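In the two complexes below, subunit A is the common chain; its partner is subunit B in one and subunit C in the other.
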Partner chain A sequence: MFSNKISSKTPRRFLFLFEILALLLLFIHQKDNFDKQTFINGFALIVIIYASNYILLKVSRGDNYIFLIATMLVSIGAIMIYRMDAKTGTRQLMWLFLSILIFYATYFMLKYIKIWDKLLYVYIGGAYLLFGLTFALGERKFGAINWINIKGVSLQPAEITKLLVIFIMAAYYSNYNKYKKTKYSSYLILGIMYSFIALLFLQRDLGMAVLMYGIYIGLQFIYEEDRKLIAYNIGLFIISGIIGYFAFNHVRVRVETWLNPWIYINDKGYQITQSLFAIAEGGFFGKGIGLGFPHFIPLAYNDFIFSAICEEMGIFTGMGIIMLFMILVYRGFKIGMSQWNMFFRILAIGISILFAIQSIIIIGGVIKLIPLTGITLPFVSYGGSSIVTSFMALGILQAASEDMDWQVNDDE
Partner chain B sequence: MFNIFSLIFKYIFIIIIYMFIFSIIRLIYLDIKGINLTPTGDFAYLKLLNRKDTLPFKIDEYYSIKNVLSLGRSGGNDIIIKDPYISKKHFKIVEDEKEFFIEDLGSANGTFINDERIEDVVKLNNGDRIKISNIEFIFVNR
Partner chain C sequence: MMNKNNNRVKENKRIIVVLACLCTMLVVLIGYLSYFQVFKAQEVKNNAYNKRTWINEENVLRGSILDRNGNVLVYNKKTEDSNKRYYKYGRLYSHVIGYSYREYGKTGLELKYNNALLDISDSTALNDLKSLILPTSIGNDLKLTIDHNLQEKSRSLLEGKKGAIVAMNPKTGEVYSMVSMPDFDTSNLNDHWKGITESEDSPLLNRATQGLYAPGSVFKVITTVAALDTPALDNEYKCSGTAKIDGYTFKDYSSRGHGNITLEDALRLSCNTYYVDRVQYIGKDRLGSTADKFMINSKIDFDLPMKSSSFPYKKSLSKTELSASAIGQGEVLVTPLNMAMVASAIANDGQMVKPILVKEIVSKNNRILESYSTEVISDVTSSIKANQIKDMMLKVVESGTGTNAKIKNVKVAGKTGTAENPSGKSHSWFIGFAPYDDPKIAIAVILEEEGVTGGTGAAPIARDIFIHGLNNIDF
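Presenting the complex of A and B:
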């Protein structure tokens, strides 16, 4: 194990060991009232993850680390969610089954269907349609109208929209020379993106608005030839940020609780102070799974899962999660840089930016590094639409990690 | 009893997570160390399709083709691969007026283009797969 020779099997085995030990811990915990069904589900999932990592190595010639990293993050998250609420944990496992299926579906769809870069208008239309759906059917939950409820399953359409934003940018900039002929086409894209951000603002989904802006400015900064536009974009964002701060109460609250949450500890600063208490309580090695009090943190299995993990599994695990995200993002950029096909290149970079910004926003938020905005931690948090879209994004990244060039017709 | 186990397990979990991260970083490091610079510009090259860490001998990801490229097990070739199933002189790719032709040099186990064994000189097209032993290259010419 400690020798210099690390084969490609090694990380897969560590992951397997980690999950088996977690299941063993659950078994010890439940020895009096043993729940057979959960146990079978958990074991089935471990086998599926192990098999997926193995199959992927055979099926895909591309990157074989990103899926490993993602499944590790999911495992840490699932253990924590299950520990806090067994019912939610079981549902998370179900979502995970579905997500892995969707991962493969996305991967094969992107690999074998070749019209993705020509559907710019479809993506824009789809994004507006999803916004329309949210406003028509949405319900207010935790201060934001970003959920629609279909037969008891809550979905967050904005999760899909964030992927559509990446597709819009990729479809636009990979055919940049074609669209450039239309005058002010980049300004049109700017307008569309700002309309998305404004709509998210109206839904009070600040985290998602910042995330979409981050993806947009990141890709624009890399590919836009009209450099003036980037300056306009940054200027516009600063101005709208300042206006937002003075015009909307819910924006002001976020900044106030970030600067000093302690004077609002009983009401609006409650979340963030509880999160800080939990992290401090855990220390370097944590209290041990099942021995802390993560229930004191509101939304502990959703947005605040990072604090809950830090409390029970220690700051070291927290740092491990951050390192895993860093490797994932690094791999994403590497995939983007070695991809020849422009469309997939932009997709890969966009998705890397997505993972990077989304994890920074929420991890930075819960440790009071930046103002807190509610968004899920990719792969770790509970949430059907969140985990499904995270795996969808991973599937896209997996497809982009393969050489696509000789599959495209020579019509250039 | 659960408490004792939980206290022990938290250390084990952290150790496993870090071993996992370490092993991935180590693999990525090996991967990066072996990268030959990706060829740029518009000349033709061969790209290895196998995963490099599955092959037990020295091999590069990319081989650019300039005029002539020969492959074999013995020292005089442009690409030397110490695979016992590869003949001493295995095949040769020759450039002629921007077109590339491959010729098998009487190898014992043959050269396969898109899964067909070649007998004669064959013209290479962009995206052709060249297979020798269980090593597979793809020919790229933009």
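Presenting the complex of A and C:
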């Protein structure tokens, strides 16, 4: 008998199958200098992902699919990173392990600590503190000052700030009736958000600036009662974009290399053209794992991981990744809409917007559909802070997918 | 409570709007990715800066290029740490074979036959699998239709001048020599690149296929075909040295006038006034459609990049403009290869064949992978009319303007041209074929801004090529 309901075991088994196949290809690719380490790492990847999916099913009564989707994305990314550089791949595996722990920690903290919606000022203060920290300790990496280095571990504070933006919005709008009594409170939020965006401009972290703006405008569009503020917001963004274009050379460069990168192929258009070569060479089905030259792309396991994947696994896998994000975003919105607790509702939608906009910005950038602004591809790219915060956001989404047994007085 | 529910409905509506926007953007990403892969990828891949093609190349011994007699013109030599390409005759084939340099990309046959030279098959699943199991390391050779000796002779005749020579077989389309001057040394581009790109004489331009010139009187061959096609055209005309069309006076080269002449005399003596007068009866549409049959105005399929010749007769032409066109002035522009094909078509009973440069692609174990055969691309005119024109062109060389192309023992047919152009110094043209009875070589010679007539400048060069070619080529 066919059951209408697909057991949650089925996708988990598909994921398992995918990993086995991909790892086999990886082993074939490395057959000449095969080492035990690769085998152990591959085994570790499968165990971590299979086990964490299994455990989640036992602890959470919420959504079963978002974690599966995220682990699928991680698997594609980790295997690609491992294929390009075994050492980086091993580190990514360690980050993944840590991230999953953080995922569970976030999940339980959100579920059992019940003051999150009352901390608006803490979130705002925290965000400014992180900016201050970046400017004080930051180092310039890939043209942007957005990294701080603590005891050899590079962190990107803005990764946390983007989550704080969601928390600020959620805390503000879930207590809207309270804050509304203060005149111009929504304008104050607008001012705060634009101060973040301006600071990110100064750090040359354009991708993050666009991402935060996307989250802000999305949530504002849904929850703001003063509708003309939304029009102001859009107008203001266009104006600051134009000012940014003329004021900052690094913004102009992005636009020029988007319009025609081929004439700057030796200098500022180098990254994007190498990315396009990789995607073009990959064709529909890719060159095969180990048979392409993804290391020709600068930052291939970071911002340009999508192009590297397209070269070796084809744009079919690329489209698959985009569709995985689409399902993830859809599930996130569904979680939001069925959540009765307003604070968690906004969190869920904010995080879904985060995943959507971040993937659109970077995938659109590396395929030259929109100007390229550096940002990581959630779950897929290498990078400690990126993968940790992505799983942190997922943990929040997981918590929001459950019935909350505590109520916020959102309708006083 | 009611109010709260209303709020939820409104909220959910807005949430769906946001979700729809985000999903649309994601779908656009998928759409663009497919569009890029289908329409843009090939061009992107072929970019000279794509390092991947060079990675493959470094492992492959790129195929050699040989002339029709098997003389090696270009070859690769692989040593422990290098895989270098040697252009034995750097300047001689700069426009035909072109070059393949990592720094400057690829041109000419090196570009067109890149995949054959590297033995890269079209990417199919089966071929990909094959190349995984049996990686190729030796490319295929190209055997050209070019005759190395005639190529050298042609270049020596153009040495120090600007212009182009095309010599081809009028029946098979095989190109025996193709030279464009000035040229450049492909064997050592690194040292000369700057000079080559900055030179005002544009040495990179292949004048034979991409130079557009006013044809001058060689175009009269085409006008003559149109005249034969015109019913009840009065063959006789009294030439006084000048003809007035719509207030503009056309002059003959010698202003004394040719007296009472026929069409045959008009071509033989290259009488301008005859044609500028008679073309008014022929009409622009008949002249235009005849030109179309000679592949003026159309893209000629060739192994090297071609510019299309043009005679824009479909737009409105004044009487004066039509008359100017009839004698190859005005708005008519042609490529030298196209004019060699015009001569070929007349020589080949009115059948124009496709010019070919590559005879065969030969694999490393001497298997012929592909051979290119003759293909008729245009029925220009009937064989009767073609033979009439042939006779007229024979007279041009025997007793007309082209006597400098005459050879003892071999009958040569041809037509001279002296084309006025904005530079003030006229181009010197000759097109023709030999031997008259059984044409084996058709030719077009142009000396750019030479300042002499076709009969003095280009005709003797054509003669020397006929002599050399007919004596040496193994037809």
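By definition in this document, the second predicted complex is superposed on the first by the 385 of 412 C-alpha atoms of A that agree within 3 Å, B and C clash if a C-alpha of one lies under 4 Å from a C-alpha of the other, contacts with A are read in each partner's own complex, and residues count from 1 in each chain.
Convention: a contact is a pair of C-beta atoms (placed from the backbone, for glycine too) under 8 Å apart; a residue touches a chain by one contact, two chains touch by 3 or more.
Remember, it's a predicted structure, so these values are computed and weren't measured experimentally.
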Combined model on subunit A where subunit B meets subunit C, clash or fit: fit
Touched partner set for A:68, first subunit B, second subunit C, both or neither: first
Inter-centroid angle subunit B-subunit A-subunit C after superposition on A [Cα, multiple of 10°]: 120
Subunit B versus subunit C as contact partner of A:15, first or second or both or neither: first
First (subunit B), second (subunit C), both or neither touched by A:276: second
Partner chain in contact with A:290 - subunit B first, subunit C second, else both or neither: first
Which superposed partner A:317 touches (first subunit B, second subunit C, both, neither): first
First (subunit B), second (subunit C), both or neither touched by A:265: second
First (subunit B), second (subunit C), both or neither touched by A:356: second
Gap in Å between nearest CA atoms once subunit C and subunit B share a frame through chain A: 6
Touching both subunit B and subunit C, residues of subunit A: 291, 323
Subunit A-facing residues of subunit B, complex: 1-3, 5-7, 9-14, 16-21, 23-28, 30, 38, 47, 49, 51, 53, 126-127, 138, 140
Complex contact set, residues of subunit C against subunit A: 4, 11-12, 14-15, 17-19, 22-23, 25-30, 32-34, 36-37, 40-42, 44-45, 47, 49-52, 55, 123, 132
Subunit C partner contacts - residues on subunit A that touch it in the complex: 218, 221-223, 262, 265, 273, 276-277, 279-281, 283-284, 291-293, 296, 310, 315, 318-319, 322-323, 325-326, 329-330, 333, 336-337, 349, 352-353, 356-357, 359-360, 363-364, 367, 369, 411
Subunit A residues touching subunit B - in the complex, by the definition given at the top: 1, 6-8, 10-11, 14-15, 17-18, 21-22, 25, 28-29, 57, 61, 64-65, 68-69, 72, 76, 285-291, 312-314, 316-317, 320, 323-324, 327, 331, 338, 403, 405-406, 410
